[in-house]
Amino acid sequence: MHQKKRLEIIIEKPALKRACRVLEEAGVKGYTVFPAMAGYGSNMRWQRGTDLSASRDMVMIISILDNSAVKTAIDDLENLMGAHIAVLSLADVEVLRPEKF
Amino acid sequence: MHQKKRLEIIIEKPALKRACRVLEEAGVKGYTVFPAMAGYGSNMRWQRGTDLSASRDMVMIISILDNSAVKTAIDDLENLMGAHIAVLSLADVEVLRPEKF
Amino acid sequence: MHQKKRLEIIIEKPALKRACRVLEEAGVKGYTVFPAMAGYGSNMRWQRGTDLSASRDMVMIISILDNSAVKTAIDDLENLMGAHIAVLSLADVEVLRPEKF
Amino acid sequence: MSVDLVLSTILSPIVLFFVLGLGAALLRSQMTVPEAFAKGLAIYLMMAIGLKGGVEMSKTALTSDILLIALAALLLSFLGPFLAYMLLRTTSKMSRIDAAATAGHYGSISIVTFVAATQALELAGVITSGYMVAMAALMEVPAIMSALWLANRGLQKSGEVAGSEKGELFREVFLNASVVVLVGALAIGWITGERGMEKISPFFVIPFQGVLCLFLLDMGLNAGRGLRQGWRQLDLGALSFGVVMPLISAAITTLICWGMGLSVGDAALLITLAASASYIAVPAAMRLALPKAQPSIYLTLSLGVTFPFNLTLGIPLYIMLAQWIGG
Amino acid sequence: MSVDLVLSTILSPIVLFFVLGLGAALLRSQMTVPEAFAKGLAIYLMMAIGLKGGVEMSKTALTSDILLIALAALLLSFLGPFLAYMLLRTTSKMSRIDAAATAGHYGSISIVTFVAATQALELAGVITSGYMVAMAALMEVPAIMSALWLANRGLQKSGEVAGSEKGELFREVFLNASVVVLVGALAIGWITGERGMEKISPFFVIPFQGVLCLFLLDMGLNAGRGLRQGWRQLDLGALSFGVVMPLISAAITTLICWGMGLSVGDAALLITLAASASYIAVPAAMRLALPKAQPSIYLTLSLGVTFPFNLTLGIPLYIMLAQWIGG
Amino acid sequence: MSVDLVLSTILSPIVLFFVLGLGAALLRSQMTVPEAFAKGLAIYLMMAIGLKGGVEMSKTALTSDILLIALAALLLSFLGPFLAYMLLRTTSKMSRIDAAATAGHYGSISIVTFVAATQALELAGVITSGYMVAMAALMEVPAIMSALWLANRGLQKSGEVAGSEKGELFREVFLNASVVVLVGALAIGWITGERGMEKISPFFVIPFQGVLCLFLLDMGLNAGRGLRQGWRQLDLGALSFGVVMPLISAAITTLICWGMGLSVGDAALLITLAASASYIAVPAAMRLALPKAQPSIYLTLSLGVTFPFNLTLGIPLYIMLAQWIGG
């Protein structure tokens, strides 16, 4: 198996499109998005479905990518994280078909 | 980037609030919860939406946190895992803004 | 805490049952499935709820398991990944009760 | 006449849609009614039942007779679990804690079974009272307490589960969706009376039976899936409990109704309530209070065995029992 | 008169709501109808169609005429894919497997297109038969088999995909939601007949057209998004196939209807069925059976091109064809 | 009479269900109306309002009077935020950006409050015009622009957020679900007129009030949870703003209506619109345009404070104001 990176961004839903554009522009080959249902931060809880505007929902973007793509994306990601509610983490993973990422 | 831990708890939904309280009391700065849709364990499958009480649904709590918070939480987490259906795992991750966690 | 593996398969929903069978036959003790809401790959975006057949939805399977189970499953997983739209990654994690996995 | 009753119940669209769902699930169809949609329909149904009951109640005064029925209902819910527990412990190999949790389900009630009985009675031209909805609401909760007592008696009090909080079980039990909506709608129907209902009743009365069809299709799918996944957990003693317990409850309640001189319709409903088992409110409470009890046991029994039995054969039988003591 | 028909179809609320959704999606509005809600409405619509058809069928005996129409319907579904496949392989650059998968969609049917045609006929005062719902159900599945045969013929049988199970495709195809609900409701309507329907018909008849508006708003959003995301995958040959194929199917079916001497209403419906393409049942089956075929191709064509065409221009045209051979 | 109006408003089923939800949430009940179901109901409600308004509009010509009201509506939405901003900056400790974002919510409108006012007027036998729905649609958006201007004026233009795209805010604001559905349904109602509505009106008219009950139960749950989670973020100045601002807007709009000589019903609706605050369209836009503003502040105020106030005490008051200038 081959070494790649796993990027995980938990971000507010209204900013999802922006995060996607950042990743796509950095040449990331793929990512998948998951809906969160609740959370806690800054001493406050939120819960999906208690806000008709859904503007406080959070989502998680997972992308398996090459370290080079992370480096390309990192500046724009930092800018994005500075403006919007978001948490980013990066981990090492092994994959089967390295050319896909 | 900076070293943090990524705590992932897959736990039955009726016990979610208890897990959240444990984390909050341990001083964790934030976490996010995701709804599962199906699963397998103890030789049995479950599936969301086939049980009107939703009492068998599972959820996943993800928290990026400092190792110190993990240590504070670990005893209560073990107690919780002993009582409820749950799976816990801990991994190393890198983050951008270490003071947030 | 004890070393285990965390297997994460992002796969198209119509093939979910097949992936589950592969894992179960390999003797995996448990897994949990999460619904994705959007994604990007091969220069195309998809979004849940814009396709009445739901045949393009993706899901994520997470399993905490022993390295031995990964080895048993890997051939069938490769075969499955070859036929269906899917992304697999493997990471190191620490768990509390090693006998559960 | 009794064969007629059975046939007209079983061949009613709501039962047929239930059977359709059950069959599809047993044949391993992948079809589902989306969870959010089904839960929305459930809220609609409870609002409709509550409102109707409330409006009926606003027309009649609270008599001592009604209080007596309420007392009987409470006792049935409180004491039912003891009977069920003894039965389970003698006839099946269930552990103490599983038996207690299951017993709690059978002391409590199934609101959909109640509604189906109301429909069957309406079809048969039998009159029922609005306050029976209040009885249903009263019977939801007490059984849970008996179950907890049964599970914990004799054990030295074990330490609290980490993260548990005072009042969480209370809220789960007394403020769960079905109690809130049922009791709330009952109160609103009672406050606004017939006049207030005029404008909203088209929505809550006319489509009611149709919505019930849709909902029972989903119940059938659930019951079938529950059975397929869970029957292996159950021995023969447990499985037969799912049919025997409703019959025993029905027999006892018939006697009580006869003692109180209830009308045919009200008796049929009280018998049905006693014979029905919970699969929404009680399972959720049990995961909090008795996490060591296995959900697959009590859910399979109450949703996979007892509910289908009541819906098809039970209800006509309970109506006949009521007619028998009322005739 | 024909211009009238086109206008009254296009200016009907259901089509206007479809256009609203289509426009919003093409303008990249973020609005959505929640998936669970739309799927719930779809189940409602299929129940309503099935029940209505079943009740109608319970009133008339099964004649050899009906069996003949059923045979024609089956053949249309079986043979349609062959025609579609040839057309695609000659006019577009689609790969063999993509062409086969797409062909399967065009042999099968769209139940919403069928319903829209029923509405247009009702508006025009043309009578249709209840058993046409059964024809729709019959036409869903056979095309899938032809598509699989087209895709796999001549290839040496490749090894099974890991984890695949005997019967999974069969269940996906014959027990998918639309088949279960449609056939089930048809049977229930047929069993209970008019008398059983009385109580539930308010829910299934009165709001039907309104629910259809809501559903078509969602279909418009889906079709628009499909088009926006997928049209780049299609060359001109493929795109024009989305309009030409329905017209060819319609022409052939017109001849067949003429041969069988079908009534105007029934002919219009059979033509519509033949000209419509699946976007629910077939795509799901194709992901299992032909995972190498690209979903963006067949979904864009059937939902993004053919469905809008049929809904607006196709249906009035098919009605005119039926009137022409029936007049 | 005025006490009557207050009582009949507060004791109407829709308000009682709102109170039920509010109470359940404040008591920390876990019950929820599934998000997808509630959002589906919201789309239904907006379609129904739009269609009804459109059909009414199709019956009358567009007069200069109507244009004048439209102008007033636009100005109210544009200028409202300035007033709100000044008030917030003087009476509370809110930051500039939070005050601007909150101000935007109060310039915009709440369509549910509008509907509740329509119902109360109907109950009181007061006639309203169909074009008032168009006014509601017109007032949604302008306030957002004023809020952005207030937040950004004087600041040197900061760099764009990474990944932001030209037009994304425009689409969010002008093509959000409520604008699309409301304006679309208005247009469709207007195009098809009474004749086209015949078939679909049963669905959009008869159940309307009942659906509203269900929806308001959910709104109550939302408002209660918002209050429980967010009130700690608000000082007394901010909290009282949630009641004072509607009253000031109402007073000003009363004067304007008096100047324009509006009918009692239309005046009551315009006052209600001005006094209501957005909690759907504006929050979503603010997250994109002013991500630094804290959602817990503006959501708690508009949904947790102002909406309950308007629904219970506000609406009867606004009707009385309208009667007073109209009498």
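So that you can tell them apart, the chains are marked A, B, C, D, E and F in the order they are listed, and the count of residues begins at 1 in each.
One rule holds for everything that comes next: a residue touches a chain if its C-beta (ideal position, glycine included) is under 8 Å from a C-beta of that chain, and two chains touch if they have at least 3 such contacts.
These numbers were taken from a predicted model, which means no experiment stands behind them.
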Would you pick out the chains that touch chain A and also touch chain C? B
Using each chain's Cα centroid, which is most distant from the centroid of chain A? D
Farthest chain (mean CA position) relative to chain E: B
Distance from chain F to chain E - Cα centre to Cα centre, in angstrom: 40
Whole-Å distance, C-alpha centre of chain B to that of chain E, is 45
From the C-alpha centre of chain B to that of chain C, how far is it in Å? 19
Note: chain D residues in touch with at least two other chains are 32-40, 206-207
Return the residues of chain B touching two or more other chains; collapse runs of consecutive numbers into ranges. 20, 34-35, 45, 77, 91-92
Interchain contacts, given as pairs of chains that touch: A-B, A-C, A-F, B-C, B-D, C-E, D-E, D-F, E-F
Across the complex, what residues on chain B touch chain A? 1, 4, 6, 16, 20, 23-24, 28-35, 59, 62, 64, 91-97, 100
Chain E contacts chain C in the complex at 32-35, 38-39, 42, 159, 161-165, 168, 219, 221-222, 225-226, 229, 279-284, 286-288, 291-292, 295-296, 299, 303
In their shared complex, at which residues does chain A touch chain B? 8, 10, 34-42, 45, 58, 60, 77-78, 81, 87-92
Quick check: in the complex, which residue numbers of chain D touch chain F? 34-37, 39-40, 43-44, 47, 51, 171-172, 175-177, 180-181, 184-185, 187-188, 191-192, 196-197, 199-204, 206-207
Residues on chain E engaged by chain F in the complex (per definition of touch): 11-13, 16-17, 20, 24, 27-38, 40-41, 206-211, 213-214, 217
